[in-house]
Structure formats: structure tokens, C-alpha cells
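Scrolling down, you'll hit the structures one after another.
Here come two complexes built around chain A, the first alongside chain B, the second alongside chain C.
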Partner chain A sequence: MHPEKTSFGKGRAVAVSLAAVTLFVLLWSAGGRFGLFNPLLLPPPEEIWATGREMLTDGYRQLPLLYHVAISLGRVIGAFIPAVLVGVPLGLAMGLFPVLRAILDPFVQFFRPLPKLALIPLVILWLGIGEVSKVFLIFISALLTVLVGCAAAVGGADRNRLRLGRALGATNRQLLRYIVFPGALPEIFTSVRLAVGVGWTTLIAAEMVAADTGLGWMVLNASSYMRTDIVMLGIILLGLTGYMLDMLIVALQKAVVPWDGKA
Partner chain B sequence: MYSLFLRITVLVALSVVFAASAAFAAGSSKPAEVRLAYLNGPRPWILGKADGSLQKALAVPVKWVNFASGPDALKAVAAGEIDIARAGSVPVAAALARKLPIEIIAVSGVIDSSERLIARKDITSVKGLEGRTVTYPPGSTAHYALLAALNVYGADASKVKQAPLKPADELAAWKRGDVDAAYVWGPFSNQLEAEGGHELLKSGQLQKDGYYLFNVYVVSKKFAASYPDTVSAFLRAFRDTVNRYKADPDAAAKSIAAELGQDAAAAKQTLAGLEFPDLKEQLDTKWLGLGKSESGISKSFADTARFLVNLGELSRRDLPSSFAPFINSAFIAAAVR
Partner chain C sequence: MTVPASDPAGSGRIVFDRVAHSFPGGSGGNATEAVTDFSLDVEQGSFVCLLGPSGCGKSTILNLAAGFERPTRGSVSVGGRPVTGPGPDRGMVFQDANLLPWRNVLENITLGPELAGRPREETLAAARRFITLTGLQGFERHAPYELSGGMRQRAALARAWITEPAILLMDEPFGALDAQTRLSMQELLMSVRQVTGATVLFVTHDVDEALFLADEIVVMTPRPGRIRKKIVLPFTRPLVYEQLILNAAFTELKHDILYTIRRPEYDI
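Up next, the complex of A and B:
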């Protein structure tokens, strides 16, 4: 089923979403104005807006606001690219070779649900307090997500096509290149998309390691000074940037795997 | 059978009414429970936790809640989960500027050598930190002391590489050689010395240049207004624990360390690095003062808040014209009467 073709069209969906967000902000603002909640616990949107404008001109802690956004993006992308480069081939190999899967699976399943905050003391001891330890924490979370997704994606290849390919004398390499990989690609993209989300989520943990830059650090630091306005601003920026990253991957997916969702 | 049931019902009803009126007769001045926020630093009032004497003195159930840092404890006060908290002057200054509904009721201790700047052996002066990496717990009194020290001793803060870390992580970074100095409190400062560091400075040395670092007790305004007698009783109980500590520092340090699960020798050293101004003395304008006029403590808070504004942590529009209205020495006055 394609949503575009139903009576509730895409344009309408966007309009309803926008209306929902606008209504939410208006209620939030009205709640603040009529003193329904303590502005310290939930600053009204006007205050967050004022803080945002203040920080666009003055920056946060001597550095421009956009620099904090950029460095956080840099950390996540810097971890995400190697995670994909290592994770996709390794995950596919795990899907193809049961022995490899049997070897790696216990480690993957052990580390994947582990809260990454628990790793911080070890990461500091092993990798220090520089950028490497921050990027590593994000890398490991993204990698594990990609591994699991890609190992499962191999199953997405059509059995009949594989048999047909073998009957026609295709080599293992050709089978991988022309049948397994294209068949798995939609699911690979799904796991990559999940990995970006997971990586972005791990950012706060990563920026707990001796950081003095980045959006995650900004939120943590502002909270020690009760700057709930900056905390909210940081959360909004974290959410929007994560949203944009996700949209980017979806756009890439549409360009690379146009056959996804088609029989 | 029926009459027995009736009699029991009447008896129960009567006793409930009696109990309720008894509570009312007490001026309804006692809360159902007092929730205290304590940090991991060894302090005399922990004696009152260890043997339950504080609960006994307040004559109401006391709930002790542990927090990793002052800002965390103050956030819990903001959320209405804590009635009385101990926190450092830096997070309290930030909380007051951000209009947290709290009052300062007493100084719980002045930081002298309980917080120190520990550096590698080849660094012999504060100025020697230029070009090196220093770590500190962000938003703490130690953070403030470090920046004050750089200022007092003429070191260029922009040339000192700063690494904000939680105290336990500072030790890991030190062992790896990632940091060359750390401004931190005990027992972590003692551990750094054991790992080859030496003392460059203690916070008390900054006092002559006007930088006072101290801990205070804060109370939520609502609690203070509803139960003033309990707040005064708390301060009397606090004074008792300080007196017990002063009477026998060794034994006190031992039971405080045991209660917090820490090393007794390090706890003793931390406790010895604190000054405990007498409650009566705190009514002097050098400390809290009487009434709502400016005092030493209110001026210290103003200095600290201005410092946080210059650092970019607080917004200038949040700065109150005076911190005196946030200080309420009436509870000390009642406690020492």
C-alpha cells in the first residue's frame, strides 16, 4: 500500500503535522503565561527563543553555537562511517557463514544491550580523554546495530534466485555481487538508518568524557547550573539534527535502492 | 456480638480523633517526614545518620538521599523531592540566580584544605600549569577555585588545557598520564598524591584574595515556612554532630568513613581540611548576619554569581541585585536562643 495513493495525501499529512506542532507550542506558551507550570522546571518557548538568539550572537562558553552542533555532528559521522565500513561487510559475512556468526554472536549480543555509560571508566583508561574515546563510544554502538541488521539482511536474498544463479554456473563472488547484495540492500539501509539513530543517542554518553564542546556536553553542563532554558534548547537542537540525519539517510536509500518496497 | 462490634468501632473512631487532635495540638508544626540530601564528602552530620541521632533529635522520620553532586541535589529540591540539602557555594549561587525557591539557613563548612590542587612533581607553581592539562569536576567549588587560582597567580587561563571530569574519572585520566594536575576534594586528592602528585594549593589560600569557598545548608522555602521549628531543630542537631566531631576527631572520622564506605584516614584528612564556624558566630555580618541586609555570605554569593556570568554559565539577565534576600538566619537565631 502506498500512502500517497490513499485519500489522506502526503501534502495533507505535512499540513496536519505542522498544525499539531504549532498547537503544541501555543499551548506550551499559554501554559507558561498563565503560570500553569514553574518556568524553572519548564521554560516557556519565548525564553528558549530568547536564549537561542542570545547564543547565536554570543555563542555558548566562548564558542559559537553552530560550532557545538558541528563538532557533535563530526563526532557522530566520524564514528558512523567506519562503523558502516566495518559493520556491513562483517555483518554480511556473519549472515553468509554460520561459523563466523557462531563465533561473533555471543560478543555482539553481550555488548549490544549494554548501557554505553557503563563503558566510560574503561574507555578513559584505555583510550584517554581525547576525541578517540568519544568517537569510539559512538562507533561501538553504531557498529553493533549494523552488524545485527546486516547479518539478518542476508536472509532477504531470494532463495529461488540463488538456486537459479547456481544452476547457471555463477561463482560465489558473482552470487554475492548480483543476488545476495542487491537483495539485502534494503535491510542494510534499514540497519544503517537505525545505527545513525543509535549513534546520535550515544552522543550524550560520549560527551560525558572530558568534553567542553558539543551539544550533548552543552545539555549536561547547562543542567549543573540550572540553565533549563539552555537544556531545552540543546534538546531541541539534538532532536532536529537527529531528524535531519535520518531524512538524509532516507533520501540516500531512495536514490540507491529504488526497488525497495516493490515486488 | 453486635454491641461488641459497635464498641470496637467507637473505640477505633475515638482513638483516631484523639490522635488527630494530638497532632493538631502540636501546632501541626511537624512534617510527616524530613528528606535530607547528602553528598559523598565526609562531613560531621553523617554522624547523625550513622547512629540515627539526627532522626531522634528531629522526632520525625528522616529520609537520607544520596546525590553524586551538589547540582543534582539542588535539582531534586527544585522537583520538590528534598527538603534540606547540603551543597557547595557555586551550584547554590547558580540555583539562586535561576530562582530556585530555596533559602540558605547555615554555613555547613568552609573549605580550607579539603579541596586542593594536586599536580605532577615537575609543576611547582600555578603559573607552571600553562601549556599543561588540568582536570576538575565541572560546576563545582573546585572548578571555581581553579579559575580563581589561575587569576590570582597570574596564569593565562587560555594557555591551560582544561578537562572537566567526574572525580573518579580524574584518577583514571591521571594514571594514564592524560592530565598533569587536578583540582578536587578528598578522598580523591589523597589518591592522586598516592599516585605521585603533590599539593600546589589549597582552597583556603584563596581567602586572602577574596575567594571564599564553602558549603551551605539550603531548605526549600515551602518547608521552611511550614515547619520553622523542625528547621531550627535540624541546625541544633547539626551543631551537636560538629561538637561530637571536635571532641573526638579520630572516632568521628572512623564512623563517618564507615557509614560512607570510605577510607578512614582520607576522611579524617578531609574533615581536618574544613572549618566549622560556630552557629552563634554565623549570626555575625562576617557570615550570614542578622536580618536581610548584606553580609559576608551574601557578598560571596554575588561574587560567585558574577564569576559564573563572566564564564558564560549564567545569563546576565538572571543576576539578582542582591543575594541577601535568599539568606535566612532566623533559624540559627532560634536554634542558639
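Up next, the complex of A and C:
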């Protein structure tokens, strides 16, 4: 942890962050008002706000704005939950059994850095243009992240803790349950948190697959009509939703592993 | 502590017989010999301190007795049987308390009995006893990260004691504590040892600590570690630290040991 963290209180950090964001929006707004930039290329915040309120009532392409938010969230969560359910046990198993790791590692390492956009043509051919292919793309990205993180989490079990367990007579099964898994929890959470980020990032790629709904699609669609206000609204909503998802995971992490970083 | 009749050596006796231990070298390098030709008979119920410069293989000796490592040559036996691996007959206390951060103080102390499947009531009764002995009352529900270094080490001692091992293996357990805390922990160790009577093999590089705690001090040479000198201490227990340091024998022994460790060429 940073040593400044104690001297620079948490409340003050939040206040400074809020002030920074407010100042940024005010400057942006003033810039628009004084004609510093072309509103067609960079619409001022009040115009984006107005567009947002308008779309809340009228929707975008016949569908309410919140529907687009919800369907994007649904895709990410729908991919993310199975990715965690499959990825955590499989990743832990990879960390525990070198043979399994040796089998899966080449595939994991090949697909993980691969830009998921490159998979779109194949995914469309194999899974069609429906929801399945979109969710699948996000699922793959999140899964690979969780796999790598969880495999590393058990691989890095603390030697002295293992020795302690052995000295107290723990069987291998007890070592896993009492020492290895609880010890791996912080890293598991970190990988899950990364996976949410990766999943949310892949959303745009997924919604390029013949979509007609969702925030990612909305951004892409509005750009072809030069509706930069809608593009920016979509970007802001994407950012805020991702931010909230992340905060949710962090809150969960604090509740489950309150000792992380303190011991 | 009772010694089973079928066990003439005593379950708390540790015998090192011409032990050598090497660690595999790094990429392509030669193996590093940590200890060599190490023979020592730690009698049932005695308190032996391994003293030596850092890197002399003291901890390796402890790990061999614990069964975490196997000797490259020679043999290690506990209670007359060769050591094949770790076991609950040998309690381990580490330099950092090594408490499990996801368990509170009470849950850390009861870990051993829980792993052994002991009845809950019996375990809690034993835990209460050792919580009182170690002065941890009121801290049972605290998380390890809420405790000071000294309190953590108290919990680690209670955790090792609760399974009533015949042997306690302690690897510089008080090395990270401040001087006052260290002294009170040493006193705690001595007083509880009167109750539990376990054999203690204690690694330290602190000469004062060894003189205060041990029945016998084993001074080791730098790597590869071998026994340089064995000193049976003449003090009668119980000892009071403030009086011990005025004892002429204490001063003389400390002088000898420091010369042995720091200036081997003098060879007193």
C-alpha cells in the first residue's frame, strides 16, 4: 500500500476526485460556450445531457435508452457468470495439477492475447448472428482472464502456510481447504475483477456482430449518422456502467476477503 | 508430559546423526551445502538453542527435524523413529507469526485440533486454557492484522502448544519483535514450558536470548554449518533476566560465544 494513503485521508481523496471531475466538465462546457471547438465534433456536456434526457423518453431506434443499457449489461453478466463458474474451478485445477496445466496452457496462452475481433467471422459462421455469438465472445475473453489468474493464485500458495498446515498434520485435502483456497481468494477476486473489465471491453466487439441493440451498437450506429452527442452519451454510459460493475466487485471483495493487503 | 513405556528414547528426543544437507544449485550451478557432519542428541524435555551467523544452516537443521526437508546424508530421528515428514508431534513456530489472516485469533489457535478432528467442546476448553496462559483474553475474535507483532506471536505459540506436541521447533520466533516485547515473550515461553514440558529446539542469532532460554547452546560455524561448540549452561532456573545479566558466568559465556562466532581465529 502507498505510504501516502494514510496521510491523505480517504474522504479527502473522494472530495478531490469529485472536484477534478466537476472542474473538467465546467471547462468542457465553457469551451463549448465560447466556441473553442466545433460542437459537431465535440458536443458540450449540456447538449449530451439534453440528448440523454430526450432519449430516456423517446429512446434510440424505437427502443428506450435504458433498454440498451440493460441488454448490454445482460450480455456481459450472462457471459461473465458462466466464465467465473467454469474459469475458477478449472483455473484452480490447472494450478494444482501440472498435467492439466500442460495440456491447457498452450491454448490459453494462444487465445488470450488474440484480438477477439479476429474471431468474429468464425463465431458468426458457427453460432449465427443471435445473442449466443455475442455472449460467447465476451465469455471467451472473461474465461481466459479468470483461468490465468486462478491458476497463478494456487500456484503461488505461501510456503510457510503450507508448512504450518503440514506441521499440524493436515492431509492434502485439508491443505487445499484450509490453506490453499482461502489463501488464493484475493488473487481469485483480482482475476474476476480483471475479467469484468475485459468482458466489458469485448462488449463493443460483440455488438459489432450484426446487433441492433445495446450500448456498443448504439455508439457504432450513431457514428455513421455523425450523431457525436449520442456517441459520447454512449461512451459515458459504457464508462459509468463499467465503473459501477468494478465497484460492485471491489465491495464484494472487501466483504469476503477483508484481510487482503493487511496481512 | 508422560513418556510412553514402549518408547524408550522418549517421544521428545531428537537425534541428528552425521547429517548433511545440500540445496540444488541455481541454473547449472553447483549444489550449495548448507550443513555438514552435524551430530546432536537433543534429550527429551531439554531446551537447546542453535546459535550461529545468518546463513549457517540453523534453519535447515530445524526444517530437517520438522520433516520439511530430507537430509542428503545421515539421518534424523524423533522419538527413536526416522523422520519421514512433518507431523503434529512436532509443533512449529515461525519467525513471522504465520497466522492465517482469514481466521480470527481463536480459529487460528484451534486449527490443529480442528484438522485432527477433535471434539469441539474439548478443543474450546483447551483453547481457553492456552489463551489464558498466553494472555490473549479479550482478543479471541480479533483478526490477526488487528494485533501487534507480540500478540500475533502469542497466538502462534498458543496454536503450537494446544496440540501438546512432544517437541517445539522454533525458528527465530522473537527475532522481529522489539527488545521489551521479546523479553516478555521469552519469559512467557519459559513459564509455559514449565507447564507443557516439551523439548524445544530453538534457532536464534541472539546470544543473550540463547543464554537466557537454553539448557544447552550449540554454536554453529558459517556455511556449510557444522557444530563449532556445545555449551551446557550452568544457571539454575527459574532465571530472572535482570539478575542473569549481572552474573559473571553469563558475561564470560557471552564473551566466549561472541568470539567463537565473530572471530573464529581466536578459538577460545
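In the analysis below, the second predicted complex is superposed on the first by the 251 of 263 C-alpha atoms of A that agree within 3 Å, B and C clash if a C-alpha of one lies under 4 Å from a C-alpha of the other, contacts with A are read in each partner's own complex, and residues count from 1 in each chain.
The working rule: a contact is a pair of C-beta atoms (placed from the backbone, for glycine too) under 8 Å apart; a residue touches a chain by one contact, two chains touch by 3 or more.
Since the structure is predicted, the reported quantities are computational estimates derived from the model, not experimental observations.
Set against each other, chain B and chain C touch different numbers of residues in chain A, with B touching more. When the two structures are aligned on the shared chain, A:178 is found in touch with chain C, with no touch to chain B. In the superposed model, A:168 makes contact with chain C only, not with chain B. Once the two complexes are overlaid on the shared chain, A:259 sits against chain C while remaining clear of chain B.
When the two structures are aligned on the shared chain, A:113 is found in touch with neither chain B nor chain C.
In the superposition on chain A, A:210 makes contact with chain B only, while chain C stays out of contact range.
Once chain A of one complex is fitted onto chain A of the other, the partner contacts of A:40 are limited to chain B, with no touch recorded for chain C. Contacts of A:125 after superposition on the shared chain: chain B is touched, whereas chain C is not. Once the two complexes are overlaid on chain A, none of the chain A residues touched by chain B in the first is touched by chain C in the second.
Note for the complex: chain A touches chain C at residues 160-161, 163-170, 174, 178-179, 182-183, 185, 257-259, 262-263. By the touch criterion stated above, chain B contacts chain A in their complex at residues 69, 71, 74-75, 78-79, 91, 94-95, 97-100, 135, 138-139, 162-165, 168-169, 172-173, 175-176, 178-179, 308, 311-315.
On the side of chain C, the complex with chain A involves touching residues 66-68, 85-88, 90-92, 94, 96, 98-102, 111-112, 115-116, 143-145, 163.
Residues of chain A that touch chain B in their complex: 40-41, 51, 54, 58-62, 120-121, 124-125, 128-130, 209-212, 221-228.
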